[in-house]
């Protein structure tokens, strides 16, 4: 039985981790860390778990926690994990960091986009970017897994086969993404009040959103060159789900069959990526509550461009589900253990 | 392995049955019946099950179906099940009817409230009202289980201990209920369009809703007398969930402790009924996607009345989940098999 | 031209006041008071008014404000208005207080339910309860108008003819009310975040909500006796609207025609109260954005009770619209000036 | 007083026309046409207008109607208007067609994208495309005004200054649009049920949506060349509003100041187009219920592209409001008459 600790257990990703791990046959949660709710019963905050979880919230003392558990999930604000991690901790435990601290290899890029100083650059090199479908082999031996961002998971998986197989010009990529509001976090900000989000759609963080360099770095590895994209996130009045609609210029003479073959090549055997039937558009409701990513594409002969679409549940495959998938890889368990929930489409 | 057939598999309750049975270790679905979608791939209608279900929809030929399966779920409009059931069918299979056809023992009451003729009154007597928490012992031997209505399950379970223990005047009961829109069904009616339901709340079926006599009959058994209540349903702009707020006059000198003891007496060991901590109000999100019913109450000393609240997920405990619970009882399986999904509170 | 000042202009009721007064032919806003946003452009907070309002937010210095305007609207937390009002201010201006400070005549009742000390009890007696349909004659001469609460306006207007005409037992009244989330205010509380409110319904403040004594006092005047009711508010995932479903025991031998005649007697000529056609249930969307209250009722012969329903827009008739209606009465303007917006039903 | 008739008065655009015209000082509605509801009281369908509209619905007899009114609004399915219009009708009345029948000058393009035969191509030439901000001078003399589509109005107005001033490569335009669900119409289709739309986002009509050629034609006029764009609409769980996020390659050495100057040049004096302050993103809620279009842009130096955003209310500026604006121009009234409603941002 894997002993797991969660720091940041009372955010949306944190709660989802709890929910998933409670159904996981090989893991148990030993530490519900939440700075804001120390000593309160966890089930008093998330009453869906009344009579299921009896534990009280604990502090974010990672040194102490590291002695007690096999793996720590940090579902914390940017900068927290890098600020506390040290050799002693890493000697005792694995870390799956749901923040961005160890996702970006170039520390100056991190510091530029996140506008904070990185406190533990010495661990960036060894940290593995935990996008399982692409880095599956590298994860088992890691001490730190950098769990990918929600938008980035969806964007990268939607575009990866095209970039890798050189079917598009990677410098022409535009990602127009739409997210449910759990993506905005559980902090009590006026902008995230019900009546501010409901009956509205808006773009935000245009050209400045911090998932941009993460997508660029990962797709850049696939392209074999540095790339620059446009990434525009939007806030949608729904709880869960990310839909990515991406655009790119096709390489010369690319056919639908070639594109389809590329998707099948990379995802044909992937348990959590579904390439939809021709002309079917992904919808976020069809992956809701599950670890699936649904992708598809259409070719526009008129403009020689491609429209790529991807949908996932931002708190599952975009956060907690992927973290559990990484945990399974880290500990040699079946990759899908604890992640078999079918999507709940209404 | 129990072979199950579903008639009405493409409604909301039908889809939820599919979702639950697919995760059930001892059952398999052999027949996806849907008159409207015959020959279409089930996963083309509910794309959340893409690559999960490969079957195509079949007709509603219950005679044929009865030969192939151990249990038939009818998630069909009122009158369908009574219109087709016969001895031959019942010789071959069990029926769990999610419609109202066999819920009400007095056929004239059924015909008055439903305004249709009952086509198989000869089976009413033997049919068991499948509210597991109350009729658990009667279910295993039944040929027909009348799966309770969504509002009725919530109303009855919320009030049962009070009525049974004579802590309230059962003739004073008022049930003010609020339901998510899956409760209105998947038929394409203008009134159920997104823009007609969204940003609105309304009462409907005031004093005429057909769940009224069902609640009255069951609570009447508990009271040991015929009772008449007021039941007012409301439509709420959300997908899932029923919240019941019920009011009644307290019997003389009833204390909070007595009431709490009554709830504990009946529900203390129930796996799916949670009596919340003092002063905590049930919320539909905390049972979403699960088979739980959350109940609680407050005593008003000023008026000597009680306010009782109950919440459940109308498509799980209010329909498909309860149907699976009944199936488990019918076939001697652990009652909670396939029903362990934790509530998804966002 | 009436010069108006608003304290609390950046809450939901405050913004609605701004929106309504900007369309009012005889009033102009001279002071956009908002403690939280002093010096910020009002249209930077409510961008719907970009290029419409050029003013910046001012402090809540009521003494200074009183010298500049004819009427002050206080859309502020409980206790604020009572804490600052004084003779000097009242010499210079009228006050329409949207908080509860001057609604309840018995200061001990106020202090018990609101759990704060009343700082200006000397003005309670003279303050007029600004429910225009009932107190129309008393408003013109007032210095302080206590603008009624949202739930209370809906509850009182729904029940008033029944109580006044003794068609029901006023001690049997139960009010089950459902409100949109603007009713919870614009403060940044976790409980009001989009993902906490969306896809959920819950009761709150059960038996302790502070609108209870306000309803009791006003309906008590109509009844000619002290009354005690049960009032249960619920939070609904929508922005605007309150629906009241109320229950009471009918007096002996009351007919539908008598009840209808009572409603017609009091509301037949009211511009903002619509008694719907027989059997039509009020829906909040049909009053959205307007100053209307829609009411109707059904008699239950089985239990000799009545179900009364009322719907209004909580930020219009339940707050800002009623405040403008009061302003019109105070200044001898046509009562409906600035309140002619038709409901926007989607 | 202008006498107006509406055919299709019970759809969403139709109802909005009714709501706007009822507040219009110089127009009166003489004919509420609705094939589906003939003889029913209009206010029984849209109860927001109870006690406001007493009329009953009439048929769609346009010949008869043309004799009675000065202007006919056709808020009807594609093909209807072209199917009935004739010289006799046009002798008697003006037509403002909210369908696409007369929007596209090339009949073969119309027939290809709409997949229906055009029944009255002889009137296409003279019909004026009623995008007031661009064709203001041509409208007054027209007999037929082709009221622009909702997506097209938003897309064209967002991009027009850039194309007209050659600040972008018009062949590089990608329009990613998001619409509220009133845009899907009031027909009772399963796909538009509350529970199918709620908690979901999806693209639809990818590369085949019929607003594509309309945008191309109009922007082509501005560009002085035929252009081909990618247009991707999405369905958003909200009632009203369209947000367009568009992307294009900048021409060489274009600065923010140049772009801003272009927007100011075309929209500086427009009453209904608001160019927002630098870095402020349009949000649909800020134009809700109003005739405004809010636009803004950001330049990406990294990729030398521009991101353009526009927001409008699809049933107002995207349909009924623009139709009223066209009516005002047709009859020499102030262009904004009846369109002064301030946006309702919650």
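In this document, chain identifiers A, B, C and D correspond to the written order of the chains, with residue numbering beginning at 1 in each.
Here is the rule we go by: a residue touches a chain if its C-beta (ideal position, glycine included) is under 8 Å from a C-beta of that chain, and two chains touch if they have at least 3 such contacts.
Computed from a predicted model, the values in this text were never measured in an experiment.
Undergrad: Which contact partners do chain B and chain C have in common?
TA: The shared contacts of chain B and chain C, listed by label, come to A, D.
Undergrad: With residue numbers as the basis of comparison, which of the pairs A-B, B-C or A-C duplicates the interface of A-D in over half of its contact pairs?
TA: B-C
Undergrad: Given the two chain pairs C-D and B-D, which is bridged by the higher number of C-beta pairs in contact?
TA: When the contacts at C-D and B-D are counted, C-D has more.
Undergrad: Quick check: how many Å separate the C-alpha centres of chain B and chain D?
TA: 45
Undergrad: Using mean CA coordinates as chain centres, what's the chain C-chain D distance in Å?
TA: 37
Undergrad: Which chain D residues reach two or more other chains?
TA: Answer for chain D, listing residues that touch two or more other chains: 12, 180, 182, 195-196, 198-199, 237-240, 283, 285, 288, 346.
Undergrad: Work through the pairs of chains, note which ones touch, and then classify the graph as line, ring, star, complete or other.
TA: Contact pattern: complete, every chain touching every other.
Undergrad: Give the list of chain D residues in touch with chain A in this complex.
TA: 171, 174, 176, 178, 180, 195-196, 198-204, 206-207, 228-230, 232, 234, 236-241, 243, 245, 247, 281-285, 288, 298, 300, 302-303, 305, 307, 309, 311, 346
Undergrad: Which part of chain D faces chain B closely enough to touch in the complex?
TA: Result: residues 12, 180-182, 184, 186, 188-190, 192-199, 237-239 of chain D touch chain B.
Undergrad: Going by the contact rule set out above, which residues of chain C touch chain D in the complex?
TA: Residue positions touching the partner: 12, 15, 19, 22-23, 46-52, 182, 199, 239-240, 274, 276-277, 280, 283, 285-290, 294, 315, 340-346.
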